[in-house]
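Both complexes shown next keep subunit A, but they swap its partner, so subunit B is in the first and subunit C is in the second.
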Partner chain A sequence: MHPRTDLALLAESLAHLSKTPYFNRAIEKHAYALIDVIKHALTSSPPYDDEILRSFADKVWTCHRYLQGSTTKEAPYEIEYCMRHAISDWLTDPCLVTTALTDKKDFHLKPGDPWDFVAKTMDRYTGQLPQEKLIFIGVPRIYKHMPLFCAALYHELGHFVDLARNVTDVTFLTHPVHGVSDGVQEVLQNHRREHFADLFAACYVGSAIVDSIHAINPHADHSNTHPATATRIEVIRSFLAGEDFDELSMYQGALQKLGLPRLEQRYAVPAIETAFDDIRPYTVADTPELHGMMAAGWSYLGKVKSGDGPQWAADANQLDVVRIVNDLTEKSIRNASIRSLWNEVPQ
Partner chain B sequence: MLAAMPSENNRRLELFRLALVLIDRGNRELPHPLSLHFDDVLHQARILSDDPSAVSPDVTPQAVQLANDMRVYEGLRDALAGVNSIGDVSQPVAHEVLRNLEPRLASAY
Partner chain C sequence: MIRNEILERLSRTDGLRLGIEPLLDEKQIGEMTVDLRLGYDFLVSIVTRRPYIGVARDDERFRPISTYFQPTRRELGERFILYPDQVVLTTTLEYIALPSDCYADVLTRSSYTRLGISVSTMVQPGFRGCFSIELFNHGNNPIELVVGAKMFQMRLTKLSDGLSYGGLDRKYFGNVRPTPSRAADDEDLQKLKSISERQRHQVPSEAGNADDG
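On to the complex of A and B.
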């Protein structure tokens, strides 16, 4: 469709979305700003070049998809909550996380913020643009209440930080690879990005990222886009064991040059056994424990699977156990968020 | 996902490319902020391309991407030779730079 037609249709749909009962106020502000910029783009004289409108329409399409996801009361609040805490470690700009549920095993976390594009291309727009950057999360629908299976999002957050600050591309400036074809260069870039994202995830969820990678594809060999699973797990294990190795030093050097934090453990594994054995949520003490719920939950699942779990698990089928442990994890995170909000209220 | 990288990886140079596309389409007046962005990315990329150790917290991701591309791809380096700001970009130059950016951008979609 022509971008002008798409923009008009998207503005209508955004206006409709903003009237739905579950619309979050912070997100509503972005929807109204999008509608206003679209109105400006379509009525401006002289008109903006179609190439500007086409790129802008693509961005509005993306925003629309995720803003829509945030109106359905289906957003995985607990996962967004964990992501918000991790994002704040790396980005100083205020961010607004929005989610779309996906219908396949597709986790993603990407920047899609339209406001920088608008500021740089629609210089005749005089309205105020939102300050928060929009960050879009994709979570498989069937995992929306399975936070432990969403540990992979920390890997995606690693890609997101890499994209936002170009960490691995800096390593190609500091540690270039000479004398290889364009194709091999691209493979090497992809592999460095995957290793970085794995190490990043390990900072927050520890060995849970090994469990996630192993669960998804335990025997994957090297491909153009990904290193072999065995290689990835070896790199993560070395990092978690506190070993120094060249690849880790390369990433730490790039992060230091960019003024970003080091790759290091940012979680504390909470002792959830007593609470979970009684089928009670655990009381999360602080942010490191919040991230540590992933490692603790995976470890607890492993314990149950090996027959070393509580009495209630012995009588339940495997799917019920998985559901209950994820449910307890979800409630533990939810309670932590409610306590945090409560503590922020002036007494 | 734990599978492929998102295509945003290759969209880092989107605004840099857009400036070139607009010139290639015959636009004479670019939005001023877009012109400044083009100049800034090119200026930083040149510095990084000449001295890769010059990375600092102020360096933009776009400049890092362009610097790497300029170091690896000779055609892009040649196409940008003599360009110090957007004012130096004629329609044929824009076309040539885009031709050397396009293959890698196109492969992402």
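On to the complex of A and C.
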């Protein structure tokens, strides 16, 4: 309740976490740095203003949640692995991805960097701050072994890149909208953000993002925060069909100004049918195929649903089919990660 | 099966194909066996307030068997401690697709048997999935295991006639992570309960007559 008490309690809990067996070294560094800054914040003289401590405590609370999540050893490693590959296309800074399982239908991927705040606001702290940026991923607990249902995280990564590099803000400089109220400006901004995140996701997972959006809310109408589902899907379909349209040119222009990569296909849909029909994982050849597992998996599920699936799925109930296709996708991704780790070390 | 036959099965594309994914090192294929590695998902048995694990679902105090286990994950190369007298469910790192005409015996490699870990299980022809492994430390000391280490070996035996085997009706099919026991799903348990109840409600003389008959 009180920032000083909260910070003291959080420091205790972080110290406890860091003693957990198998605590990840990279995460441990952030935990120790947080403990050190908290110690400084609570003992510094003259004392920091309570409002600064309150904001800092909020940031530590959030960090604590994700550091704890990554320590429970239940995190969906395979999805993290895909996200790490996508993040490296857009951010050159070293990043540390941490994941918390959520108990509601909530996917998110957001920056959680407390270190900017410490550097700017707690300027009397002289210790060394970690260099890696913290990225927080939230995945619904019931989907922890359902990687195909986590395709929406690519959309969240699109938001992350947008906010980190102000892509949408730049579009308002190159393509301003005049003569509308602040409220309408805000709605337009929200919609541009959603379309950008959709297009970003389509670069990695192709039509799987259409399937995801459709599965989440097929008939959603236009709202202040989101364009209508039908509009979103239409924009994505145009992009996937290789069409040139004004909105796409607007984003490409903004990305170019920011020195960021273009929106373009970054996946290759692997031919998983032979393996999945035989209930075996697919051998992923490269990074484009890694991302392409999402599109391939969704397409495979669609084929089974339409009655065009393999013999083993014919008599199975829908949940069994969904589980097996997700399991085979998870194992295909994990095997790719294992092979990569194995081959990185010389024999 | 010997090495040449195993290699030949690995290269086939039909129903007699043997699949081992990932096969990180060809040296895993020996003259008579294939070495398999320790997987990365674990279900660790925990002590609960219930004095025993019940398998009868009709018991009002029944709780799912999965609640007696806690899941945990490791990455390749990370360590896992196996304590004495503790049951830990895990899998092989490799996903195995057995040919329809071969069954597999999965055994602990002798180096680990000598540490007090003994696994011996038979897997049916046509199996698809990571082999389920039940680890138990028979020794006095905790043992540190490494994820990805070659702990097990698979011996393949060819049947004289090919069998068609597979389908979702089997209990543990297509698994990629350890699965708790499904002993409580055994349909015979219901029948056995009926037998038990009938016997309990029979008066002694009826029971005696029945015996006499």
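Keep in mind that, in the parts below, the second predicted complex is superposed on the first by the 346 of 347 C-alpha atoms of A that agree within 3 Å, B and C clash if a C-alpha of one lies under 4 Å from a C-alpha of the other, contacts with A are read in each partner's own complex, and residues count from 1 in each chain.
Please note the rule applied: a contact is a pair of C-beta atoms (placed from the backbone, for glycine too) under 8 Å apart; a residue touches a chain by one contact, two chains touch by 3 or more.
This one's a predicted model, so the numbers in the text were calculated from it and none came from an experiment.
Engineer: Mind checking the superposed model to see whether subunit B and subunit C fit together on subunit A or clash?
Structural biologist: On the superposed model, which is not a single observed complex, subunit B and subunit C fit side by side.
Engineer: Please work out whether A:Glu28 is in contact with subunit B alone, subunit C alone, both, or neither, and reply first, second, both or neither.
Structural biologist: A:Glu28 contacts neither subunit B nor subunit C.
Engineer: In this superposed model, does subunit C or subunit B come into contact with more residues of subunit A?
Structural biologist: Comparing touch counts on subunit A for subunit B and subunit C gives B.
Engineer: Pick one for A:Phe107: touches subunit B only (first), subunit C only (second), both, or neither.
Structural biologist: A:Phe107 sits against subunit B, while subunit C stays out of touch.
Engineer: A:His145 in the overlay: touching subunit B, subunit C, both, or neither? Say first, second, both or neither.
Structural biologist: second
Engineer: For A:Asp36, is the partner it touches subunit B (first), subunit C (second), both, or none of the two (neither)?
Structural biologist: neither
Engineer: Of the two partner chains, subunit B (first) and subunit C (second), which one does A:Leu163 touch, if any: first, second, both, or neither?
Structural biologist: Touch status of A:Leu163: first partner only.
Engineer: Touch check for A:Ile324: first (subunit B), second (subunit C), both, or neither?
Structural biologist: Second partner only.
Engineer: Could you tell me if A:Phe117 is touching subunit B, subunit C, both of them or neither one (first, second, both, neither)?
Structural biologist: Only subunit B; A:Phe117 stays clear of subunit C.
Engineer: Enter the shortest inter-chain Cα distance between subunit B and subunit C once the structures share a common frame, rounded to whole Å.
Structural biologist: Subunit B and subunit C, overlaid via chain A, are at closest 26 Å apart by C-alpha.
Engineer: Which residues of subunit A touch subunit B in their complex?
Structural biologist: 49, 51-52, 55, 105-108, 110-112, 116-117, 119-123, 138, 152, 155-156, 159, 163-166, 169-170, 172-174, 176, 182, 185, 190, 193, 212-213, 216-217, 225-226, 254, 257-260
Engineer: Give every residue of subunit B touching subunit A within the complex, in rising order.
Structural biologist: Subunit B reaches subunit A through residues 1-6, 8-9, 12, 14-15, 18, 21-22, 25, 27, 31-34, 37, 48, 52-53, 55-57, 59, 61, 64-65, 67-68, 71-73.
Engineer: Which residues, counting only subunit A, touch subunit C once they are in their complex?
Structural biologist: Touch residues, subunit A against subunit C: 21-22, 73-75, 77, 145, 278-281, 283, 312, 315-316, 320, 324, 327-328, 330-331, 334-335, 337-339, 341-342.
Engineer: Please give the residue numbers of subunit C that touch subunit A in the complex, ascending.
Structural biologist: 19, 21-22, 24, 40, 71-79, 81, 93, 95, 97, 128-130, 148, 166-168, 173-177
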